[in-house]
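What follows are several structures.
The following pair of complexes shares a single chain, chain A, combined with chain B in the former and chain C in the latter.
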Partner chain A sequence: MTGRTYEQSKPLMTPAQTAALDAQRRRARLGHNLRRGSIYALAVLLAIWILLPIWLITTMAFSTPTDVRAFPKHFFPIPFSTQTLDFFLNTQGILNSTLNSLVVALLALVISTVLAIPAGYAIARYLFPGRDAIRLGILSVRAFPIVVLAVPLAVVFIRLGMFDKVHSLAMMHAALTLPTTILVVASVFTSVPREFEEAAQIFGCTRMQAFWRVVLPLAVPGIAAAAILTFVLSWNEVFAAILLTISNRTLPAQILYTLDKSGDPFKFAGGFFMLVPSLIFIFFIRRYLFNMWGQITK
Partner chain B sequence: MKKFPVTPYLLLLPSMIYLVLFFAYPMVQSLQLALRREGQFLHLRAEPAPEAAPVGTLEMQTEVRVLDRLRTEEVLPNGRTRPIYWFQVEAEDAAGSTIQGWVSQSNVFIESRTESTTARVVSGETTQEWTLDFLRRMVTDFRFGSALGTTILLIALILPLQFVLAIIMALVLQSQIRGSTIFLYIFTLPLGISDLASGILWYSIFTQRGFLNSFLVSTGLLDQPFIFIQAGNQGWMIAAIVLAEVWRATSIVMVIVVSGLQAISRDVIEAGEVFGANLWQRLRYIILPMLKPSLQVALILRTILAFQVFAVVVALTGGNVITVLANETYRWYDPARFNNPNVAASYAGFIMLLSLGISMFYLRAVRSQEEAEKAL
Partner chain C sequence: MKRGHFLLLAFVAVLLIAGTVFAQGDTITFLSTQFNVVEEAEKARAILAAFEGGAVEFVGSEEAAMIDLLKAEAQTGAGTVDVIGALHGTFPTLVNEDLMFDLTELLASIEEGTDVNDAFVQLGRMGTEDYQYYIPWMQATYTMAAHKDALQYLPEGADINALTWAQLAEWGKAMQEATGEPQLGFPVKGLFNRFLQGYAFPSFTGGMVTKFKSEAAVEMMRFLRDDLWPYVNPESINYDFMNGPLLSGEVMVAFDHVARLKPAFDERPQDFIAFPTPAGPAGRGFMPVVVGLGIPFTSPDPEGAEALIRFMLSPETQGAVLRDLGFYPVVSGVDTSNLPEGVAIQLGAVEALANSPDAIPALLPVGLGARGGEINEIFRNAFDRVVNKGEDIQTVLNEEAATLQTLLDETGAACWPPDAPSEGACQVE
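Presenting the complex of A and B:
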């Protein structure tokens, strides 16, 4: 509409000029659509790049063991079968190690969340000498190499009689995610307006009550996201797990340890089985991913 | 004067103690393991008495000649006595010189205390000493060079691909096409996927009876399946690892880049458009320079993680023909294989040094560039 009024306000244009202008505008729109289209094509292509391997392993997990070994392989799980997954789940040690993985991940989640909530609150709400130094320190150990910690910790754990225990591994996983969890929790607390807390205190709450009744409930979704991230990391972590446990292996450690002795159906079903919880959890925390990794040392 | 705030420190204290326990303490332990050796040495004494002055040291298992023996008696708590022999022995020490001195029977293995003329040193005092032996053993191991080389090669191949792909993904998301939330979810999916799972996924593609061969043979591009993963095909093995890592770990870079992009004001980019900058010019002169802090963080994070690449390599190639630093750390530690935590700790320390060094390098490189720009 606006375009037409603009045209009408210029009565001096000859019909030829108007036609030329129209053509130019059409070209511009075509160019715009083309660009949109190519961005769309690119997005779809990238999505296929991500999804294709996941689809392939899913196909394998739901094919019969015979089809898994067959060549050439099918692109669709036809005939559909849960035999391969059944076989994997009934392999000795898998159920046990899955249980271990769950216990380790849940323990790690609890430890790191319980420690991170007060620390995150302190960083979000208080100004104190050394605050920036502590924040920077936490940021820098966020990427601390697991490989470097696992060997000495294994030796220390052996000395303390804590080797090959599920809770020792959980403590280590909690340590690995604690820095990230503190930073996320701090940013979540920062996003809760301070006025809410002050209002609660005006209405007679102590600082502690204001925290419990006002701030914490508002921060729960963000804290849950950080906790889920801890769970996923622990569920996925394999290097420390294989060093720190022998008879109480977690699922990835068990799969890695038996990898060279096992056939393709076991491997593919195992790959799929490890994948599923992560995919679900990432869906729930996708909004918070930028909170977690977007923070930059500045 | 303002009261010194105690509360925040109290709130932070548990976390700080925990982090020190699990980061600082193991680091010290790691150094101990890599650089200190527990050794046993036997001191020969000038007189047949434990307090006598030492006249030389012998290593464990040294054969000694018995020159003389002395029978002493020890009184037990119940009042009885038992004989204790001291031997005057002669032996060659570690440096090759012959030394003489007295040892107690408790430190040597001897057939007969009264008759044998030779004995063997079996115990002594435990000492700790600085040593470079474990480091030397790591460096001279024939797999060290290949592990270091492969790790660096992987970083050199993976990181550029990852950053280009991550920036493309971020720009696609940023262009706000319809359904971009779905694309965001899909692009971030690999964040939750472990390196082991990713290795298995790509193994299903590259294995002899895998999807790639299925595709190539069914479309007639190949007559027979090609064995990508085998000892002679190191190029293909590296390619498979690179693809698996680019597939899995690009998401983290993308998330950091997207957060960086969101921080750039749209006005700046639109101003570029108004002045007629094309996509490449906007990228080169506006977006990338403003993304520099984010890219720096992503680069440090990814490099440190890349030095630890492990399960992908093992899942895809078995970890024998192709090896990386983290795999060597595991092999040296593994009780079923080398069972040598000291050399494993040396590897761990080496990885730590590399990670630290590269982080410092990135930080300095970026800063000095900024200073140079300011000076201009």
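Presenting the complex of A and C:
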């Protein structure tokens, strides 16, 4: 074989150039790793920001009262104790009010979502007289302080025979969250291209079918987010719950609003008690939120 | 699938609501602003379980929510609440709204068997001659508590049961010098306004309101700022219940409401002592707190409500409340032998305080109605401006006194003890 061997060939790059390229690559890789690293660091930081208090509440809820008061706090609940949690579980009315809270929150979620979907869709898709006024009206309801309504509200509920009922509190909570829910749902529908709907109609769907089969599935993540808002608001709401119930109190009305007057062990146990059901709920509804993120990355 | 989940959710909700029992019926509903903290409510329920006249639903409430609910029930005429338990200071609003039954006859029949404290019965008439708006239920006050380790630093010759405020300051100084940390604690985030109204002002000036800007009041503020506060744990601004800081060892000596000190004595009675609050130049100011029971006009079961009040005033129930909840009886004949150690320690301090020869009982503000909260702010502001912000004492007291006078004039509130009775609105001298 004649000709020049590879070694003999004139190098494409001088050694200096190669080195420079290597350095550049290294820098690029470093930069990439740094960016990646900082994203991870940020994610970890965010996770810690959320998880650390939860962890603290959990460990303290399972510690003995003496350990709860001790400083510095233990990182693990050793010795393990369910003393304060037992107290909560055995407190009269706690389990019942937990159940009430769940019913109220889920019912409020259903009422609010069922009403918000058509309302949000109408605001997002239709131009009708008074549309802006309605949007503004919805927002201004949100700004209205419910406290000044206390007595009239109770009067109306008593007159209608709805006082001290779980479902009437759920209606109240739904009313409180509806403005936010409608606006969130409306913006979700706005983000679904109208062309999809039109395409569905071209292929033979009725307007209703197009909504049901095309728009709604695309909007589910946003609706789920709005639903979580409703759930969390209802789960934490105290004012209406105290005003409108006597026997059928929700969990926050039963314990949350006096928790700051309790000793530290009870604060942690109560906090844990409030935390767990909502975590379970969010775990359940999480997949819908992930759907939303999934669509973005796809 | 996704839609299915939402439907499932709705279905579960409907199932849950169907399964919830709507507890209604012939229970007696007892709405109380006291014992609304979960661990106290549980003890109160245990005591109420002994009531034989029917099931009692004990519901804790906040003052504002209670007033709103009673107003709403009065407007509709349909009530759920049978008995209310509230501080003396809550009743003026209920009286103004004319929501409460006259309990004179009930009280008379109770007094056939048990003697109810006359001073408190008088308070329950809310300034009227013959309308008993509430029947006294229980009383409490504020005392000092100290870890036993603190006693070694007590100034020489000081009697712990007859301390002066100056001695307390000296004690605080000695503890700080010995331990390197300020060891006095006050519930500045908690009921601190009561410290100013019922303890500081009466001890130094002999009054609560009338001597608000007197020379004695100036001297008191100077004492708090220069002599006492340097030895007070700066964390005090975050303290609302002093049992926590005492138990955790953050402070060795503290002032608070007996019920808010109680857990420390319950948990470690061997470590803590209770003693009367100190005295000032004018005497030993202290604030008895009175809680009353009333029946709203809208009570669905007034007879059951009366039976429940009768039960609450029996010496046995009063003894149980003392043992478990740390509020003191208002009737005679309560068995105070066999008390738990911690309760006995606290009771000793309360009795020493009430019976001390220089005691000046100072009542909670009377007659301010719905504006009762404003007077608390005036006292807190005065303290805050002098001690924390370092403003001139006389200027601050003059300015806050003007606000105080406006409040008194607008509500027309007459002077209440320890200030001498007045014709018309109480006047700051």
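Heads up, the rule we're going with is that the second predicted complex is superposed on the first by the 188 of 298 C-alpha atoms of A that agree within 3 Å, B and C clash if a C-alpha of one lies under 4 Å from a C-alpha of the other, contacts with A are read in each partner's own complex, and residues count from 1 in each chain.
Please note the rule applied: a contact is a pair of C-beta atoms (placed from the backbone, for glycine too) under 8 Å apart; a residue touches a chain by one contact, two chains touch by 3 or more.
Model, not experiment: these values are computed from the prediction.
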| item | value |
| --- | --- |
| Contacts of A:L259 with chain B and chain C, given as first, second, both or neither | both |
| Touched partner set for A:L46, first chain B, second chain C, both or neither | first |
| Touched partner set for A:T91, first chain B, second chain C, both or neither | second |
| Which of chain B and chain C A:A219 touches, first, second, both or neither | neither |
| Partner chain(s) touched by A:V110 [first = chain B, second = chain C, both, neither] | second |
| Which of chain B and chain C A:R69 touches, first, second, both or neither | both |
| Chain B versus chain C as contact partner of A:S247, first or second or both or neither | second |
| Touching partner for A:V184 - first (chain B), second (chain C), both, neither | neither |
| Dominant toucher of chain A (residue count), chain B or chain C | B |
| Doubly contacted residues of chain A, that is, touched by chain B and again by chain C | 69-71, 150-155, 242-243, 246, 255, 259-260, 264, 270 |
| Residues of chain B defined as touching chain A within the complex | 5, 7-9, 11-12, 14-16, 18-19, 21-23, 25-27, 29-30, 32-33, 165, 168-169, 172, 175, 177, 180, 183-197, 200-205, 207, 209-211, 213-215, 217-218, 225, 247, 252, 255-256, 258-260, 262, 293-294, 297, 300-301, 304-305, 307-308, 310-311, 314-315, 318, 325-326, 329-330, 333, 335, 341, 344-345, 347-349, 351-352, 355 |
| List of chain A residues in touch with chain B within their complex | 36, 39-40, 42-43, 46-47, 49-51, 53-54, 56-57, 60, 69-73, 115-116, 118-119, 121-123, 125-128, 131, 134, 138, 141, 143-156, 171-172, 174-175, 178-179, 182, 232, 235-239, 242-243, 246, 252, 255-256, 259-260, 264, 267-268, 270-271, 274-275, 278-279, 281-283, 286, 289-290, 292-298 |
| Chain C residues touching chain A - in the complex, by the definition given at the top | 2-3, 6, 9-10, 12-13, 16-17, 19-20, 22-24, 27, 29, 31, 36-39, 41-42, 45, 57, 59-62, 65, 68-69, 71-73, 75-76, 78, 80-81, 240-241, 243-244, 247-248, 263, 267 |
| Chain C-touching residues of chain A, taken from the complex the two chains share | 65, 69-71, 87-88, 91-92, 99-100, 102-103, 106-107, 109-110, 113, 150-155, 158-159, 163-167, 216-217, 220, 242-243, 246-249, 254-255, 257-264, 266, 270, 288 |
